[in-house]
Amino acid sequence: MTRLFRKHYHPAGTAPGTLRELSMEQAALHGPARFSLARRDAGRWGQMQEVLSEAIPEASGEAALYWLHVQGMPTAEELERLGDRVGLHPLAQEDILNGGQRPKVERFDESLVVILGIPEVDDEGRLHLYQLTLFMGGNMVASVMTESLDPFAEVRRRLKERGGRALGEPDDLLYGLLDAAVDHAFPVLDGIGERIEELEMEILNRPDSSTLELLHGLKRELIMLRRYLWPTREVINQLLRDHDDLFTADTRMWMRDVYDHTVQVMDLVESYRDMTASLLDVYLSSMSHRLNESMRTLTIIATVFMPLTFIAGVYGMNFEHPTSPFAMPELGWYWGYPVVWGVMLAAAIGMVIWFKRRRWF
Amino acid sequence: MTRLFRKHYHPAGTAPGTLRELSMEQAALHGPARFSLARRDAGRWGQMQEVLSEAIPEASGEAALYWLHVQGMPTAEELERLGDRVGLHPLAQEDILNGGQRPKVERFDESLVVILGIPEVDDEGRLHLYQLTLFMGGNMVASVMTESLDPFAEVRRRLKERGGRALGEPDDLLYGLLDAAVDHAFPVLDGIGERIEELEMEILNRPDSSTLELLHGLKRELIMLRRYLWPTREVINQLLRDHDDLFTADTRMWMRDVYDHTVQVMDLVESYRDMTASLLDVYLSSMSHRLNESMRTLTIIATVFMPLTFIAGVYGMNFEHPTSPFAMPELGWYWGYPVVWGVMLAAAIGMVIWFKRRRWF
Amino acid sequence: MTRLFRKHYHPAGTAPGTLRELSMEQAALHGPARFSLARRDAGRWGQMQEVLSEAIPEASGEAALYWLHVQGMPTAEELERLGDRVGLHPLAQEDILNGGQRPKVERFDESLVVILGIPEVDDEGRLHLYQLTLFMGGNMVASVMTESLDPFAEVRRRLKERGGRALGEPDDLLYGLLDAAVDHAFPVLDGIGERIEELEMEILNRPDSSTLELLHGLKRELIMLRRYLWPTREVINQLLRDHDDLFTADTRMWMRDVYDHTVQVMDLVESYRDMTASLLDVYLSSMSHRLNESMRTLTIIATVFMPLTFIAGVYGMNFEHPTSPFAMPELGWYWGYPVVWGVMLAAAIGMVIWFKRRRWF
Amino acid sequence: MTRLFRKHYHPAGTAPGTLRELSMEQAALHGPARFSLARRDAGRWGQMQEVLSEAIPEASGEAALYWLHVQGMPTAEELERLGDRVGLHPLAQEDILNGGQRPKVERFDESLVVILGIPEVDDEGRLHLYQLTLFMGGNMVASVMTESLDPFAEVRRRLKERGGRALGEPDDLLYGLLDAAVDHAFPVLDGIGERIEELEMEILNRPDSSTLELLHGLKRELIMLRRYLWPTREVINQLLRDHDDLFTADTRMWMRDVYDHTVQVMDLVESYRDMTASLLDVYLSSMSHRLNESMRTLTIIATVFMPLTFIAGVYGMNFEHPTSPFAMPELGWYWGYPVVWGVMLAAAIGMVIWFKRRRWF
Amino acid sequence: MTRLFRKHYHPAGTAPGTLRELSMEQAALHGPARFSLARRDAGRWGQMQEVLSEAIPEASGEAALYWLHVQGMPTAEELERLGDRVGLHPLAQEDILNGGQRPKVERFDESLVVILGIPEVDDEGRLHLYQLTLFMGGNMVASVMTESLDPFAEVRRRLKERGGRALGEPDDLLYGLLDAAVDHAFPVLDGIGERIEELEMEILNRPDSSTLELLHGLKRELIMLRRYLWPTREVINQLLRDHDDLFTADTRMWMRDVYDHTVQVMDLVESYRDMTASLLDVYLSSMSHRLNESMRTLTIIATVFMPLTFIAGVYGMNFEHPTSPFAMPELGWYWGYPVVWGVMLAAAIGMVIWFKRRRWF
């Protein structure tokens, strides 16, 4: 199951901005970083190409626009080089290395660092939240995706196809990446919506013990999603509200669309939480209903047969006395046996009528 | 049952504003768009007439006021034409095509786009939320209803009857459409209120297993309604607060009335949620109460008859020994049988008294 | 039981301000309107007298102060006349006719319309919320109470007794009416408080199935009260905050007292909601406790007697074989019967000790 | 048990500020008012002395500072005299007489009236909330404690001991009284904390039916406390925020400390509410756990012994036919009896193994 | 178990700022205070050295920067000396002595007092919240940790290693200490996260009665943590918002990082609360599920065997009459015994089929 807590925190008191080297196993988990670079020149996007970290150009006032994408976990050394070239602040470098950050925006003078969490369901159906770091400064936009998900395939395709017309300014490009990142939540939520509807069917028709586990798994994922998606909304809002000097009026309008999406995502998460809560209620109520049903069946059976069995038991007793008129004389009556049957039937029918009256079945 | 999630989202990263062509089945679901146009000239409204999308006039400073109503899902091409003529922004076009939008207001310079969700219960009692897009710009007010509901029959009737006096300015007309759209929630909520009251009767008198399903269905609908109606309130509020330059003082006053209606609607939804929660509590409690009742009946019966059956069983044993005085001598006693009955009656009566004392019945 | 939803809404899209004629049965429910008028002149209040609606004076700058009280549901025609004379806005007229409005304040230039809901318990113990409309404009204060409750008996008595000194200005009179209206909630809440305390006793001592219905009834009423009383608080707050130009400093101080009362009322409603929630928990827990008790009694009885009955059953078997030493030789033993009793007693006592150890009783 | 609702409200519509005479029994409950007065002159506090209400000095610009403490319920007449002398507003007089007010601050020009609720546990362990009214105006600070609690013993001791240095200005004295009043909540909360911990032990170890009542009593008290302590925080905040002109910078700093205490008190109340909610969950869960345990014991016993008893019953039947080979030939078999025992043991052991496999014990 | 309430409050009404001497046992609990001092001079940090309280330098405008750390509970006398030397306000001294304060910031002119709670799990797994007081004034930063935890080992190591470059200004040093203090929460939360995951496994696989106690313990700790960590966030926020004049732009940026950590901590606490609530639901539901299972097993067994036992009981009756044809003639039939078996098998199979149809197993 997905881990609840995934931040690699420093020992408390470590100097902040200290770049901790990753342990071997962490490095293995993330894979080494690959750097790819696209350059927009003379109004056209060039091909995205893998580069060595040493070849990253400096963020400057130059006319060309660069998009640097880092896939995988960079080493502390690579991050520092990145810091030198594009002006990524040490705190942001630390956040990339540590992972598991809460979505946030940091403004360092003219550069902007945005950290988001991208939800993704892996092949085994487990939900992951991958940290995406976006940087915008000078003529450089950089994106760092430390884990194996590639969220920008579609964006690259668009740059390739529409070369000249697409995402021609830094703020425009940043918007494009944010939009792609935020929209990743929709298929995940769609999947959760489907699972909720399946569970609903199952619970209303034939709940069993695995249902409960599925329901708990859903709630767990919604708790996690909420923890990451709620601040995402705040991040986009902050961009619009506090850093609007970095965006043109046109881009701001598109950004409001992204903001609407984050609001919609949160609405869905909240509705799904309400739905799972309601499903749990249904589950518990139907359990309670079935318990009642079993109980009644049992009570009816027991109430009908216990007196009968007792009567049969009475006439199975072996009292015998040669002269006593009290030694079970019924056993010797001519009509004894039919009368006992009569009594037993009357008792049974009486019980059944009583239960019917009280609407027990 | 109504789907929880109905947005047709793009693959993440698609250029926003891209107009995706609808698939065949979607087109079939919505039906083709029909365009009708009413023109107000010289202080009178003309007849509403079907037009071809090519015949839509441009939104301009002209004196005549147009109301364009689109019923059904327009094609991407038609939407683009609409964009050209009346100035509908590409983002708004995309929202119309995608559907399932959260209610919102978008201001593009002097034009305004309002998206609302209109609740409607179909013939089979299922709740739907239909997206209504309203546009106001220049001398044009446009309404796009992509699904089969026609929310404006009453408004058209009014225009026809009161021709000269009714809704003579764009802001006035927009208000009239908003008012009609918002008030659509009342009959739906009225219906839900009635269902809650029926359920209440049922739960207090004779809950059965279908009750639970009905209750869950209600909660589900209220969750959905809340998701759409909550932002509706915010939309009207925003119109009043942020875009009051587009409305005359008089229209603002009428708009406050619309706002009051949205607040009232939300109050009702919240009260209904409280009511369904309370009903679930009653259901669970009455289940618990009935279980107790069955349990007590069972316990009383078992506690009374088990010892009796045991005693009867004892004297059904076949111990026999020619000389032993311990081989069930009771069986041979003169008063044996009556004494055993006495013991059994005493045990039974003792039990009953004990239960009475502890108020078990 | 009180209806959840009582607004008579128009078909969506009807022109707002349209005065719908009441149906016969509605008119019968409310009774015809009676108009009474009091006039304050030369510093003294005159007698309150029934007048015809045609005799209502116009709200003007005149020195005399009028209080017009309308009891019962006016016809559309009467309302329009009222609108003409005192300047009651068409929207306010519509709200009076429709009823079931959310408490609110409307300001039309210099006149003010306040709508409140007054809770009242009828003779059969049912809670009603009656709509009161107050109007202040020029030298006229008007109150419209469409239903049978008369909330101002005490105010009229005061005017009569204290003639010259009481409520001499429009804002002062409005305050007096608001104060009387708001304080109507206290006896209702007092009654609910008493019912909660009775229920508490009942639930802690001897809960039965009717308890649940009473508890649900309480919750229902609190939900309704909350829906009306919450906005009442907002109404008084708005008067103090947004319309303070209509009140003298002195009246504002008295109005703050009214505001404090509305806050206190809401505090009580919330506390009562918490109490009923807690009572439901107690009810469910005590049900659960009693179920446990029954269950244990049953388990103990069954666990003690089932093995005994089995043993007795064994020796009631009829195995017999002339030569086999295995054909229930125990039955023929000299000490057979006492030994069996010993075994049975030992089993029973062992069980009882085992239950004691596990603290089952 | 403590009453939920203790306000003596007027009939709705009574003129506010009307001083209602107390009924005999109310007067008996509160006891007559005693007035004590302390005077600070030449930088020293004099002794606190009982005075007649007629001897109360007027609040004036005089250099001497007075502290007037009223213990017990003053008559309407005494209150009016108080109003004349120290300038206590009629509304404040009414609040004192009515009691049960929500904590609040009222500013009348230069004078300030603060109403607080002081929680106190009486000898029988019942929680009470006593209303304290504080007044500051001119050179007079007055405190009115209508019920039997004396909250200021410690303050008086301090004045006596530290005479010259203590609480030398009106705002300073007011602060001292507020501080003493607010800190009264700590021992009460401490007591509740201890009761929660005892209940916790009890519920985790051996819950019984009285536990539930104790838990409900706790919740009830927390609901009451919350109702009074929440506005207390607001009162102190308002003093700091809106009436800071009446306090010196130094006193404001001490007042912030009082504010911190009110926040801490509310934090505790909220934590205790969370704790009691959690304890109820534990109670219900442990009930549910024990029910499961009983149920399993019963099911195991019944499942093991019912088939055995049935088998024994079968061979207790009396079929007999001289020639039929089907008339229970088993009864006559040489190995019949041991075989039946074997079957019974096998059935019992099989059942036990089955239960073990399913982890039933 | 950790105490819920640990403030040593004064009797209400005691003069604030009064330094209460600690009782013997309290002193023993905390241990005597040790004072250590580090001095930064000429751009380098010197060694941290134990000093006597008399040797503490005065906070002045001097160029050297001092860090004074107090470990353990100072006496009232020592605190007063501290107050004299570094300017610690009497209210802050009182807060140190009393302990259990809510996290808060106090500004006294140019000096700042910050009180935080540091969570720590002791060797026996119990959670403690230790109060840390930080003071910044002039060239002095002081930290007072009254209990046995030493939160600054890592900071001291850093000062030693990086001597010249580290934390060279008062605001910088204060930041360093705040950062270390806040980050102490991460390992504690990590531990709680692990316990939640273990509990999850346990509850989903094999819940037993100890599970409940563990779950309650978790909730209790989360309630406590929340009470302290929530205001911690507010404290850092206040520093950034209200006291930003005391921090350089650079330090403010690092402080925002601390703020992000406090937000992240609260997010985790809230998610954990949601998780424990969900786990309780799972526990209760699985209890309910198991109860259902037991109940059904019991009902099936009883329903199958009770009628059989009854039938066997009937033919164990001893009716006999020499001539009556009604004295259990079945017993003498040729096919009697097989027929009875047939009836019994048919009844049993019928029952099983009926249960199968209703999906009971």
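For clarity, chains are labelled A, B, C, D and E in written order, and residue numbers in each chain start from 1.
To be clear about the criterion, contacts are C-beta pairs under 8 Å (C-beta built on N, C-alpha and C of every residue); 3 or more make two chains touch, one makes a residue touch a chain.
From a predicted model like this one, the values you see are computed outputs, not experimental measurements.
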item: Common touching chains of subunit E and subunit D; value: none
item: Shortest contact path, subunit B to subunit E, counted in steps; value: 2
item: Fitting subunit C to subunit D on CA atoms, where both chains share a sequence, rotation angle to nearest 5 degrees; value: 70
item: Subunit B and subunit C, separation of their C-alpha mean positions in angstrom; value: 25
item: Averaged-CA centre spacing for the pair subunit D and subunit B, given as whole angstrom; value: 40
item: Per-residue multi-chain contacts in subunit E, two or more chains; value: 284, 288, 291, 295, 298, 302, 306, 309, 313, 316-318, 328
item: Arrangement of touching chains [line / ring / star / complete / other]; value: ring
item: Subunit E - residues contacting subunit A, complex; value: 151-155, 157-158, 162, 166, 176, 179-184, 186-187, 189-190, 193, 196-197, 200, 204, 253-254, 256-257, 260, 263-264, 267-268, 270-272, 274-275, 278-279, 281-282, 284-286, 288-289, 291-292, 295-296, 298-299, 302-303, 306-307, 309-310, 313-314, 316-321, 323-324, 326-328, 359-360
item: In the complex, subunit D residues that touch subunit C; value: 1, 3-5, 7, 9-16, 91, 101-102, 104, 106, 108, 206, 209, 212-213, 216, 219-220, 223-224, 226-227, 231, 280, 283-284, 287-288, 290-291, 294-295, 297-298, 301-302, 305-306, 308-309, 312-313, 315-318, 328, 330-338, 340
